[in-house]
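Both complexes shown next keep chain A, but they swap its partner, so chain B is in the first and chain C is in the second.
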Partner chain A sequence: MKKYGGWAGKVLRVNLSDRKISIEDTIEKYRDFLGGTGIGYKVFWDEVLPGTKPFDPENKIVFAVGPLAGTGAPCNGRTAITTLWPTCWPKALIGTGHMGGNFAAELKYAGYDAIIIEGKANKPVWISIVDEKVTINDAGHIWGQGIRRTTIELSRILGSEASVAAIGQAGENLVPMSVVMNSYSHSAGGVGAVMGSKNLKAIAVRGTGGISIAGNREEWERLIKYHLSLLGANNQHVVPNSPQPWAEFYDPASRWLASKGRAWGASSPVIETGPCDPRDLNRIAYRTNNAAFYLGEIAWKYTVRGSGCTGCPIRCHTMIKIPSAAAKYGIPEIGMNTCGGLNFGRSFFRNFPDGMRGLTNVEACMVGMHMADDYGIWCNYGQLQRDFQKLYYEGIIKNKLGEKEFKSYSWDKYEKGDPSFLFELLPRIAFKEGELGTALGLGTGAHLERWGLSESEWKKDPKLNYWKMGHPKHHSNEEVGQCGVIINTQYNRDAQCHSHTNFVRNGLPLEVQKRLAEEIWGTPDAVDGVGAYTPMNVGKARMAKWSLLRKELHDSLSLCNWMGPWVASPLKNRNYRGDDTIESMLYTLATGDRKSREELDLIAERIFLLHRAITIRDMNTKEMRKEHDTIPDWVFYDPQKRPVYTKGTIHLDPKDMELAMDMFYQEMGWDRTTGAPTYETYRKVGLEEVAKELKKRGLLP
Partner chain B sequence: MDTQKDGYETTEKGLGSLLEARFMSRRDFLKLSGISVIALTALNPFIARGGAGPLIIMEQAKGLVISEPTRCVGCRRCELACTEYNDGKAKPSIARIKVGRNMNFGPKGLYASQNGQGNWGNGLIIQDLCKQCPHPVPCADACPNDAIVVSPPTNARVVDKEKCIGCKMCQKACPWEMMVFDSDNNKATKCFLCKGSPKCVEACPAGALSYVNWVDLTREVPPRIAQVVVTSPEKGSSCNTCHKKR
Partner chain C sequence: MIKYDENPANLSETRQYEDLSMAIVYKIREGSKAGRLYQKDEIYLELMGEDIQEGDDERRKAFEEALKRAIEEHSDIKEVPGAGGALFYYSEEYMGEPYVRLLLQKQGDPLLLIAETVRDNSASYPRPIPLNMFKNPPFDFSEEEIIECLRQMETKDLFRDIARTVTSAGTVFLYSTSHLTPDYASMLAEWFDVGQFENP
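For the complex of A and B:
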């Protein structure tokens, strides 16, 4: 058989019920699905029967990475985790979570592209993987401990270079809103309790092997440098957020924060970021500071440095040092995270004594991070905190809790914005203590059901960002109009797609974006200005398809979709063009399997369609348009009642959105009435067997 | 050079207690290896045989990669550049710059736990680099096959793959654990300065590495391990030739 680079070559299967450990050949079995979510979906289609519930031993967990994980391809650090999603409501369906950190690379160096976990251990265990040596071990001594302690104790056994993916008490206690976490700050939501249900505390990996690059090494080096030259800051924002000597444009919303005069103030001694000219590849790591992006200027003086995944120059995790938080709350003075994790604690509060951009806000982040990342609590992309605020300020919590429980919380502290309130709340979520803790840990869908609240109320409130099936929007009409809405209809949790938003938010002026859009999607009309929308057109449908395929491609190759695609760049001499063939060039050189952009797109479509097929099979309906691809009411509503397409509004027209779905289904080759892919569409992407099976079940249009 | 056929003996002397207390100075090293050598020469029948002299490296490397830990963001792109561009594979375990091992808990490892360095400690990530040691070069001296040789244009010492038999003596000899061993080909490898434009320096997105004119860092940087002095008798005797003259 041909020898490929890129892939490690083996998939590890661990059955916790009978403790059987076996190895499969990646190339033989999974090459047509690349890796990552591709392997995950394949396993679920083939092996997990419809009707299986998340905490059944028959549910599986697939930790999978792709051929680029662990290589020098920029931004390859995320592990895709596929399982039946416990917060997907009312019926749990397939979902994926993605964690960065060092786990993906370490797994590859150990010799594996994926780990398939099946069954259920009869008592708590952890899995040790040291190169070819794999063992299932007793976890009695770490069960009940937080993620931090678990990591330290297992690192003592495997050595300090190991990567440990562990659950905290929340996962052990089967709290659906729980994470698995590795490398201090990198988590994947939803997965924690599924691991807990299998009595699996952690997977610890140490790898000393290598991944061969099939192509010529000088060519590989040139390609990597070329790719690096196209990188922007986090989320592929390609212009700085303030005027810089090198930059023609700037955009205050950009994550490219570096500037003369801005510095990592808690580094010893201080390091100035400087203006970070994009041609200087030795300064990429200074462009992004997500602590300052989310917390404001105040964060600069507390910034120690950037941090992030193996092999990624962007460093979207920011390490901050807050001695006052350590002194007041008895937590470590240093912490790091990005986005949801960074904002976890502060987002519960509506105000702080010193305002929303003061030190208390930062301290609330620190308290939240240290607790949530140790107990392993998930925020569901901020829905936990948005729900909490609404439930409290509308008096619902007071109504639903017994007086004794209600009084056991210091609500005065909460209203004042005292971060110590989190010490009362978060442990009760992790340990399912009391009604409030238990309900919050369920996730929005099951929580609303438990309290007899109506989901349709949630779908009306524009401030809640709630979308459907227990989950919020993830870059929808607030940024990308109809295209964003289409993307948000497609998954069984928040959409987790950045392809579209990374383009429209890249900071380039609309004329430049339109010029690029014409090259990529055949028409400048594919993009509108943010909040300056125009009616639907075919370019937007093409952009939606392209975005979804890029997402699945990235999640399967192991490229970070939070950073890609790279179709725009910061380079004026390229007219700000990026390169849509980067993925295929990286894939071809790394693996030695020559594939054009179009050929890879076809595989991406295969992977995306398999997700669709599993969803259809498990929902047991082909009526996807009506029952799955739904849009919440708030998308069509403007609180100020302005007409649709007025500049500054983000709401859309329901009829136009129907047209948008029509055009999207057509672009995908799906049936417009049902929104289900046709036999022919499955066949074209190489899923004829899948089509036959769905046909048998009466699930084809 | 046919030292291997001539037969050789090595002596290993752990200097743990000495090294733990403070940095080893070059003179300490000489003195101690001198002692072990004297003991050996007394026993060694080959000493009088003459023949081709053992390899002693007197040339000094012209350059050196130095690092600034406060800038390091722990991305390991340096390690990946080192092995992908030189060896055609992503294999940090053979990278000639070492970040991963200090990244989580710092050079003291887990025993410092959250009070140490690295991501779990104070955030500082130390990059370990080859010092391109001046004579006597511990790794080269330890090699029983004289496989670690000077290579122009940088005069860095490099492992001659033809000569290396994979005995790992050099690994034990380097106080900074900078000799790595590639399990794929059973050969040692070390930093060879990429013909004067080190890949790691080019690759660092934080500008934490620089290639500079050689300076002696062997006195500055604390060793990572209790060094094991490994000297073949031939080399020992040639040390004596120079160093015992008063």
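For the complex of A and C:
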């Protein structure tokens, strides 16, 4: 068999029921699916029967990385975790969570591209992986502990360089809104309780090997530098947030915050971020400060440094030091995270005594972050907090709780924006204590059902961001019009796709974006200005397809889709072009398997279609357009009743969205009536066996 | 040719340049990297260690020749007139024309600087911009100065197109009514100030 670079070459299978540990050949079985979500979907199609429930022993969890994980490729720290999603409602379907940190690289250095977890241990266990030595160990001493203590305990055993992916009490207690987390602050939501259902507390990995790169070393290093030269700041924002000497453009909404006068005030000595000319590749890490971006200017003086994943210069996790939070609340004074983690605690509150960007907001961030990251509670992309606010301020919580339980919360503290309220709420979610804690931990869909509330009401409220199946939107019509809506119809949880938003939020003027759009999607009309939408066109359908395929490609290669694709750059001398072939160049050089952009996109389409096929099979319907690819009412609603396409509105026209779905299905080669892929489309991407199976089940259009 | 080392006031980081014109190039480039436009007398003072008005003719002449050569031999070194006709120097390798324009406007009428910046943003991106942006470099206005500028702008016809919108978080944004409708500006400001953080 041909020897490839990039991949570690082995997939580890651990059955917790019979404690059998086995090895499979990655290339032989999974090369056509690259890695990451590709391996995850392949395992679920082949091995997990329809009707399986998330907490059944028959459900599996696939931790998988791709051929670029642990290499020198920028932004390669992502681990994809595939399982039946416990917050997907009313029926659990396949989903993936994604964590950064050091787990992906460590897994590769230990010699594995994926771990398939199956069965259920008869008592709490943790899995130790030290290169070839894999053991299932008693977790009695760490069961009941938070993620932080678990990480420390297992690091004592495996050494400080090990990466520990652990669940907290929320996962142990089968709270669906729970995470698995590694490297202190890098989590994947929704997975914690599935691990808990298997009595699996943690996976700790230590690898001492390396990854071979198939291509010429100098060529590889040139490519890495080239890729680095195309990077912007977090989310591939390619212009700075304020005017800089070198910059032709700037955007106050950009996450490229570095500037003269802006400094990491809690570092010693204080470090000024400076202008950060994009040609200086050694200063990429100074560009982003997500604490300052989300918490406000006040965060600069508390910033210690940036942090992030293996191989990523962006450092989107910002470390902050807040002595007042430690003094007032008895929590560690240092914490770090990125968007969702930084916002976790503060987003429960509607106001703070010193304003939404004052010190109390920072303290609420710290309290929420430390508790959520230790108990292992998931926010479902902020839906937990939005639901909580609505339920409280509309009096629903009061109505649904008994008087005793309602009075056990300090609602006066909550209304005043006192972060100590979180000490009352979050433990009860993690431990399923009381009706409120239990209900919030279920996730939106099951929570609404439990309280007899109507999902259709949630779908009408634009402030809730709720989309469908228990989950919110993730970059939809608020910024990317019809393309964003299409993308949000496709998954069984929030879409987690950033290909489109990273383009429209990159900070370049609309005229430049349109020029780039014409080069990428064949027409400048593929993109509109935010809130200046125009009717659907084929460019938007192409952009939607491209965005989805790039997401799956990144999730399978272990490139970060929170950063890529890299089709725009900060470089004026390139007319702000990025490079749409960067993924294929990296893949080809790393693995030695020469693939053009188009060939790699075909693999991405195969992976995306396999997700579609599993969803169709497990829903047992081909009527995806009606039953799955649904759009909430608020997308078509404007509070001021302005006509669609009026500048300043983001609502869309239902008929135009029908056309949009038609055009998208056509681009994908799917049946327009049902929204299901055709036999020919499956065959074209190499999934003829899948098509045959679906045909047998009557699930082809 | 004057050897640069003959100058007692030379700066250690530029000792490597024997030729004065290279020292000038270096000085201008470093200034541009740091966001500074140089005037001739500032370069002279920093390199020659004396006021240009007080320098002897031979040294001044040598400096003028070196400056001329710096511009001729280095295509990135540019000369641009500011308000009042004074000449400024920068390296376009390290400083873009938009930033140069801001720096020159800054030396003129601050009201015009704010208005032109607002108009440019409203026209080309398009977007309103938060008032607080004018506290950052290269504007560096204080809160009081910004408020005073806005107060004065309200009284002048020249700035009638400059309007404000306030987000639900209380942040003030400015826009030009020549390029954005109030409705659109309001929506965009709300998106930049509130919406994007709720959609991280």
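By definition in this document, the second predicted complex is superposed on the first by the 701 of 701 C-alpha atoms of A that agree within 3 Å, B and C clash if a C-alpha of one lies under 4 Å from a C-alpha of the other, contacts with A are read in each partner's own complex, and residues count from 1 in each chain.
Rule of thumb we're sticking to: a contact is a pair of C-beta atoms (placed from the backbone, for glycine too) under 8 Å apart; a residue touches a chain by one contact, two chains touch by 3 or more.
It should be emphasised that the depicted structure is a prediction, and the values quoted were computed from it without experimental measurement.
Steric overlap between chain B and chain C is absent once the structures are superposed on chain A; the two fit side by side. In the superposition on chain A, contact is made by A:531 with chain C only, not with chain B.
In the superposition on chain A, A:334 contacts chain B only, with no contact to chain C. By the document's definition of touching, of the two partners only chain B reaches A:161; chain C does not.
Of the two partner chains placed around the shared chain by superposition, neither chain B nor chain C is touched by A:380. When chain A is checked against chain B and against chain C, the one touching more of its residues turns out to be B. Contacts of A:212 after superposition: chain B is touched, whereas chain C is not reached. In the superposition on chain A, contact is made by A:511 with chain C only, not with chain B. Applying the stated contact rule after C-alpha superposition, one finds that A:360 touches neither chain B nor chain C.
Smallest inter-chain Cα distance, chain B versus chain C, after superposition on the shared chain: 16 Å. Shared interface residues of chain A (contacting chain B in one complex, chain C in the other): none.
By the touch criterion stated above, chain A contacts chain C in their complex at residues 242-249, 251-253, 259-261, 275, 277, 294, 339-340, 343, 355-356, 382, 465, 473, 475, 478-479, 505, 509-511, 529-532, 572, 642, 646-650. Against chain B, the residues of chain A that register as touching in their complex are 70-72, 102, 105, 108-109, 148, 152, 155-156, 159-161, 183-184, 208-213, 217-218, 220-221, 224, 228, 267-269, 271, 281-286, 304-313, 315, 319, 321, 332, 334, 336.
Every residue of chain C that touches chain A in the complex is listed here, in rising order: 32-35, 94-99, 102, 124-127, 129-130, 133, 136-139, 169-170, 181, 183-188, 191-192, 195-200. By the touch criterion stated above, chain B contacts chain A in their complex at residues 70-77, 80-81, 83-94, 100-101, 103-105, 109-110, 113-114, 119-120, 122-123, 183-184, 199, 202-207.
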